[in-house]
Amino acid sequence: MTAPPNRSQLTARFHSVRQTTEQLCAPLTIEDHVVQPEEFVSPPKWHLGHTTWFFETFILKNYGKNYKPFNEIYPYVFNSYYESIGDRVLRKRRGTLSRPSVEEVYTYRKHVNDLMPEIIASVSESDWQKFSFLLELGLQHEQQHQELLVTDIKYIFFCSPFKPAYQKHTQSASAAPLKSEYIKISGGMHEIGHRGKDFCFDNEIPAHKVYVEDFTISNTPITNGEYLAFMEDGGYKRFDLWLADGWDTIQRLGWQSPLYWEKVNGAWCEFTLAGMHKVDPDLPVCHVSFYEADAFAKWRNERLLTEQEWEIAARQLTKEPYKGNFLESRNYHPLAGEDNSAQHLLGNSWEWTSSAYLPYPGYKPYDGALGEYNGKFMMNQMVLRGGSCATPQSHIRASYRNFFQPETRWQFSGIRLSNAV
Amino acid sequence: MTAPPNRSQLTARFHSVRQTTEQLCAPLTIEDHVVQPEEFVSPPKWHLGHTTWFFETFILKNYGKNYKPFNEIYPYVFNSYYESIGDRVLRKRRGTLSRPSVEEVYTYRKHVNDLMPEIIASVSESDWQKFSFLLELGLQHEQQHQELLVTDIKYIFFCSPFKPAYQKHTQSASAAPLKSEYIKISGGMHEIGHRGKDFCFDNEIPAHKVYVEDFTISNTPITNGEYLAFMEDGGYKRFDLWLADGWDTIQRLGWQSPLYWEKVNGAWCEFTLAGMHKVDPDLPVCHVSFYEADAFAKWRNERLLTEQEWEIAARQLTKEPYKGNFLESRNYHPLAGEDNSAQHLLGNSWEWTSSAYLPYPGYKPYDGALGEYNGKFMMNQMVLRGGSCATPQSHIRASYRNFFQPETRWQFSGIRLSNAV
Amino acid sequence: MTAPPNRSQLTARFHSVRQTTEQLCAPLTIEDHVVQPEEFVSPPKWHLGHTTWFFETFILKNYGKNYKPFNEIYPYVFNSYYESIGDRVLRKRRGTLSRPSVEEVYTYRKHVNDLMPEIIASVSESDWQKFSFLLELGLQHEQQHQELLVTDIKYIFFCSPFKPAYQKHTQSASAAPLKSEYIKISGGMHEIGHRGKDFCFDNEIPAHKVYVEDFTISNTPITNGEYLAFMEDGGYKRFDLWLADGWDTIQRLGWQSPLYWEKVNGAWCEFTLAGMHKVDPDLPVCHVSFYEADAFAKWRNERLLTEQEWEIAARQLTKEPYKGNFLESRNYHPLAGEDNSAQHLLGNSWEWTSSAYLPYPGYKPYDGALGEYNGKFMMNQMVLRGGSCATPQSHIRASYRNFFQPETRWQFSGIRLSNAV
Amino acid sequence: MTAPPNRSQLTARFHSVRQTTEQLCAPLTIEDHVVQPEEFVSPPKWHLGHTTWFFETFILKNYGKNYKPFNEIYPYVFNSYYESIGDRVLRKRRGTLSRPSVEEVYTYRKHVNDLMPEIIASVSESDWQKFSFLLELGLQHEQQHQELLVTDIKYIFFCSPFKPAYQKHTQSASAAPLKSEYIKISGGMHEIGHRGKDFCFDNEIPAHKVYVEDFTISNTPITNGEYLAFMEDGGYKRFDLWLADGWDTIQRLGWQSPLYWEKVNGAWCEFTLAGMHKVDPDLPVCHVSFYEADAFAKWRNERLLTEQEWEIAARQLTKEPYKGNFLESRNYHPLAGEDNSAQHLLGNSWEWTSSAYLPYPGYKPYDGALGEYNGKFMMNQMVLRGGSCATPQSHIRASYRNFFQPETRWQFSGIRLSNAV
């Protein structure tokens, strides 16, 4: 259970997180808020409403005196997957809804935002610990959707024949790329998982002991240049490098490169939130699926790390407060070069691990409807670690477990290897 | 070939038709313009752009001096199905596009609208006949999309959990329903198809001779009340009434009633452009598929008419100028009671015929890209006749052939029967 | 209603038809009887059982004294599509059934065959007309399945990587190909449909008057050589030649030639029931879909005939008893050259017409379950006329209406054109 | 690498294993060998051929002097999934092949069987270790297909409307069911994986150290009676018990019970290889998916074991030679009651673990084409342990890792729980 924060701190954090979400949507047209080019994308409007619904459902309905729902139909529209909460619009139908309008969603946000300070101020001391946890959970939840907003907007813009830019291109301020080398980490008994009073998700606990052998971890993520060498060596044509499901996937979908890469006049270009640009060989490769990360590792005769190894390394190599290329940096793209967050282990790009997303020993989901938050997804997904350039800094930590199906690649997902067997 | 109209008349008609389209969209929010809940629906924004693209492609590019395309990507976005014109956004992907914005589409419309008067004025006499035909074709095309706008908006609003109303409910001004009776029409040799100098589509010509036996035609369309009797008699449960493909369709899609019907508190209600209302038993039934029309006819031991019979009857029973319940009436729903257009043969609801949509003997499609307008769809579709409450009055005539797949029912499509064998 | 035949004649015909079916299966292994490579194919074992079930259901159950079903589960296995008769194995699941064995199906056939003579002998005079019609219907039904057996066996063998031959290759005894010319047929009022006491299906009646203009009909079907010219002229690449649904079909399925054609060492070969052979340019093209027939006609600036025109021509150009290349000829492939059946209008290959399969004016389906025989399929199908090399001679006539979806091509279906507009 | 066995022992084992396969098919009709009711089932004929192809491909082609393939097309027919070996029939098309016949497949088996003794006798000493490993791999491979034969035949017979029995019902010789209790196993550092010279698959090595906490394991598998209690408590209706993918699966497929269960006259019956029988509450439940095993465990507030825990327990609780309910017992169904193989940990039913199927640390696949045997399937599958009543006794061991997708349930797969958190 987390340490109860100060009421005014929490109020300030509430407003800050909520504003960040809206700032992310500021460059969008109204029409950009509405569309859903693939089922895995949600319309920005929906993110704006869903995060608000989360506070309404789990805070206002429980702690607001005589709280009446803002709109009786909104729960049907903005519930994501909580079976306990009732029926809802099918995920793939989110882009078919023109109502509520963007303006109405902002009114909804304001309605909830305006009520929150008084509720934060008035919750009893006895309720405070549980309340403040719920509120923080809502904020962490909204931060997750901030990352999804960035990646969904990127996908929406990419699907447009106009290939619009979300922001101006900013020359990366990054220094020359680091020289790649492998860091040795000692094995033995280690503790994995979150311990302490700070917030974490239920899937990060209980902390528990694991045994690992000595291993190595590269100090750098794989770059576009390294990935191009794989492509040029026929990486996408050699079935021996691929898991059977991965081989099926690349055949079926015709993948020949990472997502967002297109050949323009013979040169590989990459769609970014600043538009189409030539692929920079020094930048970390991103938007690869687990299957591609795994095939690349096999091609190199190296391997991905397990999530346990990754966390052990990250605990040794990084320290708080993390500095790095996070959402706040507004790069919305991985950077090369040295930074202060330990070779980009945190920020920049998520890193696929070789671990399936499964419960930790002794795992207990949250009580009630929130029990659906993490646990029910622990099947057919792989763990990613470390956060990305779309992750808020206050949202990430060494024990954080992200998870996606192995064919997923619209997140900022990259590759880091171990060269020990 | 049609008779060349006067230049100023055509200019006036151009502006009038174009304005009508925009008036139809006036009640929409920006967001309403963007969504596409099913593949058969197009976003209103797309209709606004596509009709404009039609004029740009077939008029401005050919008759505008040094005309430069408004935007190089628009043809890719707004081409519907013209293979000759080049690649285009897949029909089912129209709702994934946030750009161009609604405002940009209106700018595009204005751009084209502003250029047209001068072009109309300056086309040489020798080109006039061909030019004026093309322009009229563009206007008839836009009128077709006006009807689609009405039916697509209806579907979009129906899919909204908020079930918004497009307009206020207007008490139908219609008189008491007509007493149903069967009119006898003499058979023999008749001419079918369009003859004369007025505009018609290529699928209405050549006019040609057909032989039919004596037949009857009801003076009224089938009403909701009559259709309810079919439903209550187990019409949707009796496979013997249905074509095999129809039976498959209603099983697969779970149809138990016309589209837009829902039981609310035990009473059948119908979604209209004025919102949800109780089903009025005196109004014509609409939003039925061919399969339902055919099954209903079998249940009554009657039959649908062939398109030849329908046209022969309509020529005898109606006369120009047609009065009736058309788009201009702004009812956007069929009416009951007597009117001046021959028992609703024209306007109100399209009527399914028992004829497959096939070329008339000696049929020749338009030259060039416009040859794709009608001919290539002459397969697996059934002919509807008579226009509807969403059809502009100047767009319909007795020889007009509409066509849809037999499972289609989001158009205003109803039933009229013959009781002769 | 048909003229009642003599009891002994009918008994003889019964045994003859039943034996023919079994002779068709004689070259098969047991395993060949079981498989179903596509939903449109039925396992030969199923045809053997289904035709028997038809007699059991419509004759033995009604006319056999105290008849007990041979096996209680067989109706579930061998009912094709009769909703009135009850549940049944899904069509696409027919190839999943190993039981009953081929031997058991033959025992079932013998059981039914053995009972029939006594029943034929003992039916009362008053029942004879109805009974003999039902029996003849059962025999005509079995003849339809004889044709399907030939075409299904061909498809099954084609799907085998071993490409086995069903029979030895027989040099076609056909003379030099006819010189192609167009025969003029006078238009005006004609009667279409079956008239007289001989057997016909319900879809061939009532005979009725139609008006047609003068037209022409080729004296020869289109040959492989002519079709190759279409292919070599880019016929499969030119969207302007194709109906929209046809273009979609050939894109989706990757069609570049008729079914059964494959390029072997640079030369077009064709799989036949005698194995793979070089395409003979003088033979009629077959195994083309309606879409291909229609595109070919457009490429030639000619057209398919309507079914009315075809029947008018066939009545003038052929006479009974028909001689030609039928099932009894055991060629199982179209022949070139002159024969005695009027330029192959009957036999050789079915010919696609430009007519949708719709009921004749005044059409009445059979009573009871047999009403499902034809009527419920009158949607989204095109009419073929004339029979093929897999059609029994006693099964075909000028008024015979075959029908398939326009993308169908595993039947022996070919092309004959009119060059009049 | 395994210890080289004696040549005559290996020859004897070769013949024994090959005969067992054929004995399993002895009760089948020819037709039973051909069908494939679902993609996950293979026709028995295919198993007979594929296991033979394995020896031909990996032994005869490499060790037979001047060996000529038995048939050039067989590799195309009988290759399962080895991309390295070349093209092959799609898995889902195996049931569309009537050729080769069952008799030809037996001839193929005899051909390979007859050549093997001489080859075994003549391989050089220097090649013997590698050769004997390959041969043993071929035999272990054939034993895997023996299990699949049993489960595929069961599914094929179940899909038959006749519900035939493969064998006579044998009263289970099992004693009264064991009283269920939880055995405590001490945690700490343990070794997992295969060590030693006996045969094992590549996925069982390297042996490696793991740390686990103390845990418990039930001495008995979950019984039908216990599972019925879950069903009667609404287990299939409570989404809170299910993984999201599992909930989707049971909704989509309409699962309400284990596979093979059907309600007959109000009583739950179960299809077995001895036909339909009432569900015996004392027998272990089987034919449940991982999703059902996991939901059941959640309903009991207990949990599945990890594969590490399971192996640690099995090493302590079982000893070789294993006695139990294996293929050789010819029960082909789980038994209740005490036996000599440690509470059915080995034999009876496979037990779902909570572990994803992933490579062990340092995993190396076999060289060459055999590298496709296991490694490429390490994604989206869960590990099962312990073997079943369809597993040959000489094929199973404590370190054996079976794996299937979590929705799989046509194998004999059951549930064993731990009650420690």
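Worth a mention:
Note that the chains are named A, B, C and D in the order they appear, and that numbering of residues resets to 1 at the start of each chain.
Just so we're on the same page, a residue touches a chain if its C-beta (ideal position, glycine included) is under 8 Å from a C-beta of that chain, and two chains touch if they have at least 3 such contacts.
Quantities reported herein were computed from a predicted structural model and do not represent experimental measurements.
At the far end from subunit B, in terms of centres built from Cα atoms, lies D. Rounded to whole angstrom, the centroid-to-centroid distance between subunit B and subunit D, based on C-alpha atoms, equals 60 Å. We define each chain's centre as the mean of its Cα atoms; on that basis subunit C and subunit D are separated by 47 Å.
Subunit B and subunit C have CA centres that are 38 Å apart.
Not a single residue position of subunit A touches two or more of the other chains.
Interchain contacts (touch definition given at top) occur between A-B, A-D, B-C, C-D.
Remark: subunit B residues 29-37, 45, 73, 76-77, 89, 93, 95-102, 156, 159-162, 164 touch subunit A in the complex.
Listing the residues of subunit D that touch subunit A in their complex gives 81, 83-84, 189, 208-211, 213, 239-240, 242-247, 354-356, 358-359, 361-362, 371-372, 376-380, 406, 421.
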